[in-house]
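Consider the two complexes below, in which subunit A is the common component and subunit B and subunit C are the respective partners.
== the complex of A and B ==
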């Protein structure tokens, strides 16, 4: 095998191994609970209808952005647990701005997107500054900032929101139609199936993620700091600046997470706006090895499992929460199998180096013995 | 392969207590052990010498049960043993004193000794009595109630030896025991070792300092490239012959040719002072100039401020005082700006400060040079040019690797270091800071690195050389400054200074 092929095989074997393990563990849980293992998998692994495919893509778009946000931090060994709070506060501000419609048409949309990114960046930047100046663990501070974000958004929502007549639901002003991002039709039906137009922006975000991290000096500094803080310092990288910058970048991406929903289906931020997307992103970033394509695969997988689990209760009488177990197990097994495969890879490479140098050594050894 | 070389020197008639036959150990990418044969006799000091990376440490780890051998047999007191853990080794009577002490500072000597061996004599009076008995019978002069943090290096080492004896060791391995000691402490250690052998214990003494080995050992086994080359008696060899056995060829010498020193000052340090976290001054009023074409060597016992000095010059620590590079004040420049201004930096700890171990070599070429060609073009990393330049370094500096895409972790220490030297010499630096540039590298790489430092000097660089190897300092430097407790305490001309003179200046003995 050529080195490139070996690398590919190694890279793919880890997630496959992990999925297989997760499959076995979930089956064991089902069996232990006395649930019909075969029927559950029959439903989960059935081919989704076009309608479901639309939902999967929509859900995956959101999860993908969340995964990217977490991955920016991970690349620098920063655990941004606060994507959840960052995206909610960002989506709220974007909803207010877009609802007020100070600018016409798509200018309003652009302003809302930029505001969301800025708010996410500032919110995450708080944790970055605390880490850089005071050494506060970003894990702790982002978790606390999540709680603060929840309270703050609830409070501000009461201030800014309009109550719909005859309903307890409160929400921000509805975004005018000419500022919404149009959906893309993937099936003329019937039924007609649409997906978020934001999926295009998500793909673009993925490309920029890859480009910035792998091709730019900034990305090099970020990755170098993640690999070895001490070597980064000695090489002239200002680790404090990078900490703040990486957290802000992660937060800016996190700011995008709620926007496909806001600009594509809900058109306002209300008390029922989807939460919890930030934590799924952490799992997906791990699953996708913090790599733009890997995260996309992870997001699609999670979205697929979510969608396929919906009818479990009706069809086989099993709670759809079983896929939460599957997803959780996948994260654990993925971490383990990546490490196993990584060590194996390092060993293979050392052996390759050793082989390449063997001949030379053998010659010298012959001299030594002689 | 089958004819063990140990039979050549059977000077003493004492029975063999440790017999190693055909020991082999392979690691991917690293020099391992191959066909090691050694007989250690009871009541002797048996030295094992070899260059850094020759396989001494691997062998000792095998004998102490840290790693199992892939092949070969170990016999202790005539019985073949299988050592799967240090506990097995201790049970078989083998004890090891590591180079880096494993003592808890905030416990007393007694507590340190009994820690983990409470079953033997408890933790009270019986333990104390046993410690005193051992201390007295081997002249270790240990005070059981002193806190370890109050002890000097030599005393700590004696506690380590006592720990090993307390656990019933009859065979004591010492890994580079003199590396951390000053000359008079070395003499005391050797007296202790002679006491041990008088009582019938066997000492295995690992070192690469030949004069020490010749003065204390009864038998010497030379290891080269993972295999035993020869066992000799110190009476029959000179230091030079021993060195040539170790190296396997003519000894490379660090000595420089004629002076290339000019009167152009490239690096000027004035009144550099650095305060530690506790307010204690880590560096105090350090001043020196290094000229174009000059190598300034800094001698000192490790931990006297060398690393702090280097990191202050590199801008990794905030010091007061003045640092000028070719006349330019560096006070407000960051580490990155100082590098770009023309400082090449070979850090003392290459794995922590010099490399990204899990990144390919070409990314390691970029490290520290992110802002300049060929590593970068504007805000973008220029992978193609960086890879090409990595290939250039691989060829010019003889880095043994299949290519620039291999992870740095896969290379041996010497090749990692050659890559770093090559990287730091690119982009035309005017000052080179080399901190322990040949530490832990094999002899071939050492000679190559010496060559590169000489070239740098000849090409008009100002070089700051920090080294624990006094021969290297004397051989390469144009001037040697001695650092002691963060102060410069003496200037020496390498032309007429001996390692002994430097050694006593380093410990403050001559002042």
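== the complex of A and C ==
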């Protein structure tokens, strides 16, 4: 095998190995719980209906942004566990701004999106500044900031909420119709199936993620700092500045996470707004190897599995937790299989080098003899 | 690969934290803790046959939460046994998307389930949306009236029944009991999460206490504010709040805080004071060590509502519109287990009759 083919085979074998292992482990869990293994896989691997495809794309859009936000930090070896708090506080602020409608039409939307990114950036920036100036671990500070965000949003929501008499749903003012991002129809139906218009912005965000990190000076500095702080310092990069900048960038992307929901379906931030998206994003970034396309695959996979949770319960009769177990198993097997394949690749390289050296020595001996 | 190991550990911690937080949502204890983990409710051999398939969509926690969902499940089980329905259940997961709640209802609808019952106000928007898509099927939602009495004044969704409770009336009675029993003239109220639903409990409780003793002091506190719903499942928070009230001079505290109520009972036990339970007869469900501090419990019979709804379904009519379960139909009430209120039942039943007759109108907002 030529080295290029070897590299390709190794690269492909990691995800295949991971999925195979996840399949086996999940089957074992199902068998142990006494669930019908065949039926579960039959349902999990069935082709979703158009309306489910719409839901999968919608959920994947949200998860993708969350994965990107986490990945920005990971590329610089920063663990932004605070995506969860950042997106909630940002979505709340965006909901209030858009609900007040100070500007007409889409200007209002643009303002809300910018506010969300700014709030996310500032909230994450706190952890960045603490790390840069006081050496506080960003893991600890972002987890704490998550708790503070929960309390702060709860307090502010009460202040800003509009109450409908008799309703238990507490929410911000509804965003006016001309400021909503129109959905894209993917099936004229019946039933008519729409997906979030925000999906376009998510794709754009993915492209910018790739472009900024791989094609710009800033991205190079960020990755270099992530690989080796000392090397970064030696080449004149200010690590402190990069820490704050990377956290703020991660937070700005996190600010976008709740917006597809806000501007595409809920139109207000209330007590039933989706929570926990930040933690899913960490898993997805890990699954996607911090790569713009990989994260998209991970987000689609997670969204697809989430969508199967209802039919699994209702049609097959297994606990919906099986979906969470499958997701967790996939993340673990991906991490492990990439490591296994990497080590195998390193060993192959070493053997190749050893063989080459041996060959050289033999040749030398042959020359000496001659 | 150290980085990945570290991450995996963090992930696990995050998921665990979420799972713990999620356990608390929407807890309202119930006297019939079912340990089943969901799935099919099999018919007994001698159960009558029926071709009605009931779909039940629970809130977070599902069957087995020893609480609100379980109470609804008890009503379903009773109806299944009696009428021979087929039934299937689905439950919400914490932090799920709105589309997942909708899909749960649609999956039932597409699989031929009719009626479909949604447990809890989290389904408010999804029932309103999905019921319109399936006009030939019947839906019911517990604890919410958004579909039956839309806030914007539009027409109600014609195929939805809204099953709600007059929590303020039951709370009025336990408020009166607290005032009758309080020696200090000082009582307390601990709410789980400050949503309008729980404010109804507070309003009734205050009205009842003041009806007995207009000069009574009533401490009020809520454990969390929405969208933080952990106040329904955090006994430590409940204990701290109640401890403060007992130290401040209150001698009876009423909790409407679901799973956090256990902490209120502990605080009462340590302070040598009394507490009032909620939703089910907590004298029977609480830890035996705190049983003797439970003066009474405000009963909210979700199982009765579910059972009565299904009884009508069995008879061939699908109820629609708002259905209020109040004192007159024993949808709410107070419990007498433990015997601590035996000497005042005459007073309480007097108030009950006055409320039923309309002589006393109990406020629904504080």
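As a convention for this text, the second predicted complex is superposed on the first by the 333 of 370 C-alpha atoms of A that agree within 3 Å, B and C clash if a C-alpha of one lies under 4 Å from a C-alpha of the other, contacts with A are read in each partner's own complex, and residues count from 1 in each chain.
One rule holds for everything that comes next: a contact is a pair of C-beta atoms (placed from the backbone, for glycine too) under 8 Å apart; a residue touches a chain by one contact, two chains touch by 3 or more.
The shown structure was predicted, so the numbers you read here are calculated from the model rather than taken from an experiment.
**Q** Which of the two partners, first being subunit B and second being subunit C, lies in contact with A:238: first, second, both, or neither?
**A** Only subunit B; A:238 stays clear of subunit C.
**Q** Regarding the shared-chain residue A:351, is it in contact with subunit B (first), subunit C (second), both, or neither?
**A** First partner only, subunit B.
**Q** Touching A:218, do we find subunit B (first), subunit C (second), both, or neither?
**A** Only subunit B; A:218 stays clear of subunit C.
**Q** With both complexes overlaid on chain A, does A:106 touch subunit B (first), subunit C (second), both or neither?
**A** neither
**Q** Identify the partner contact of A:309: answer first if only subunit B is touched, second if only subunit C is, both if each is, neither if none is.
**A** The second partner, subunit C, only.
**Q** Of the two partner chains, subunit B (first) and subunit C (second), which one does A:228 touch, if any: first, second, both, or neither?
**A** Once the two structures are laid over each other on A, A:228 reaches subunit B alone.
**Q** Of subunit B and subunit C, which one contacts the greater number of residues in subunit A?
**A** If we count touched residues of subunit A for both partners, the winner is C.
**Q** Determine, under the contact definition given at the top, whether A:207 touches first (subunit B), second (subunit C), both, or neither.
**A** Touch status of A:207: no partner.
**Q** Of all the subunit A residues, which ones make contact with subunit B and with subunit C?
**A** none
**Q** Which positions of subunit A touch subunit B when the two form their complex?
**A** Of all residues in subunit A, those touching subunit B are 3, 215-221, 223-224, 227-228, 230-231, 233-238, 346-347, 349-354, 356-357, 360-361, 364-365, 367-368.
**Q** Which bits of subunit B are touching subunit A when the two form their complex?
**A** For subunit B paired with subunit A, touching residues are 27-30, 34, 224-225, 227, 229, 248, 314, 316, 334-340, 345, 347, 349, 352-359, 363, 366-368, 370-371, 376, 379-381, 383, 400-402, 405-407, 409-411.
**Q** In their complex, what parts of subunit A are in touch with subunit C?
**A** For subunit A paired with subunit C, touching residues are 51-52, 55, 58-59, 62, 77, 79, 81, 139, 150-151, 153-155, 157-158, 163-170, 191, 261, 265-266, 270-277, 279, 282-283, 286, 306-307, 309-311, 313-315, 317-320, 324, 328, 331-332, 335, 338-339, 342.
**Q** Using the touch rule from the top, collect the residues of subunit C that touch subunit A in their complex.
**A** Interface residues on the subunit C side: 1, 3-4, 6-8, 10-11, 14-15, 18, 37-40, 55, 88-91, 93-100, 103-104, 106-108, 111, 121-122, 124-125, 133, 143-146, 149, 151, 194-197, 224-229.
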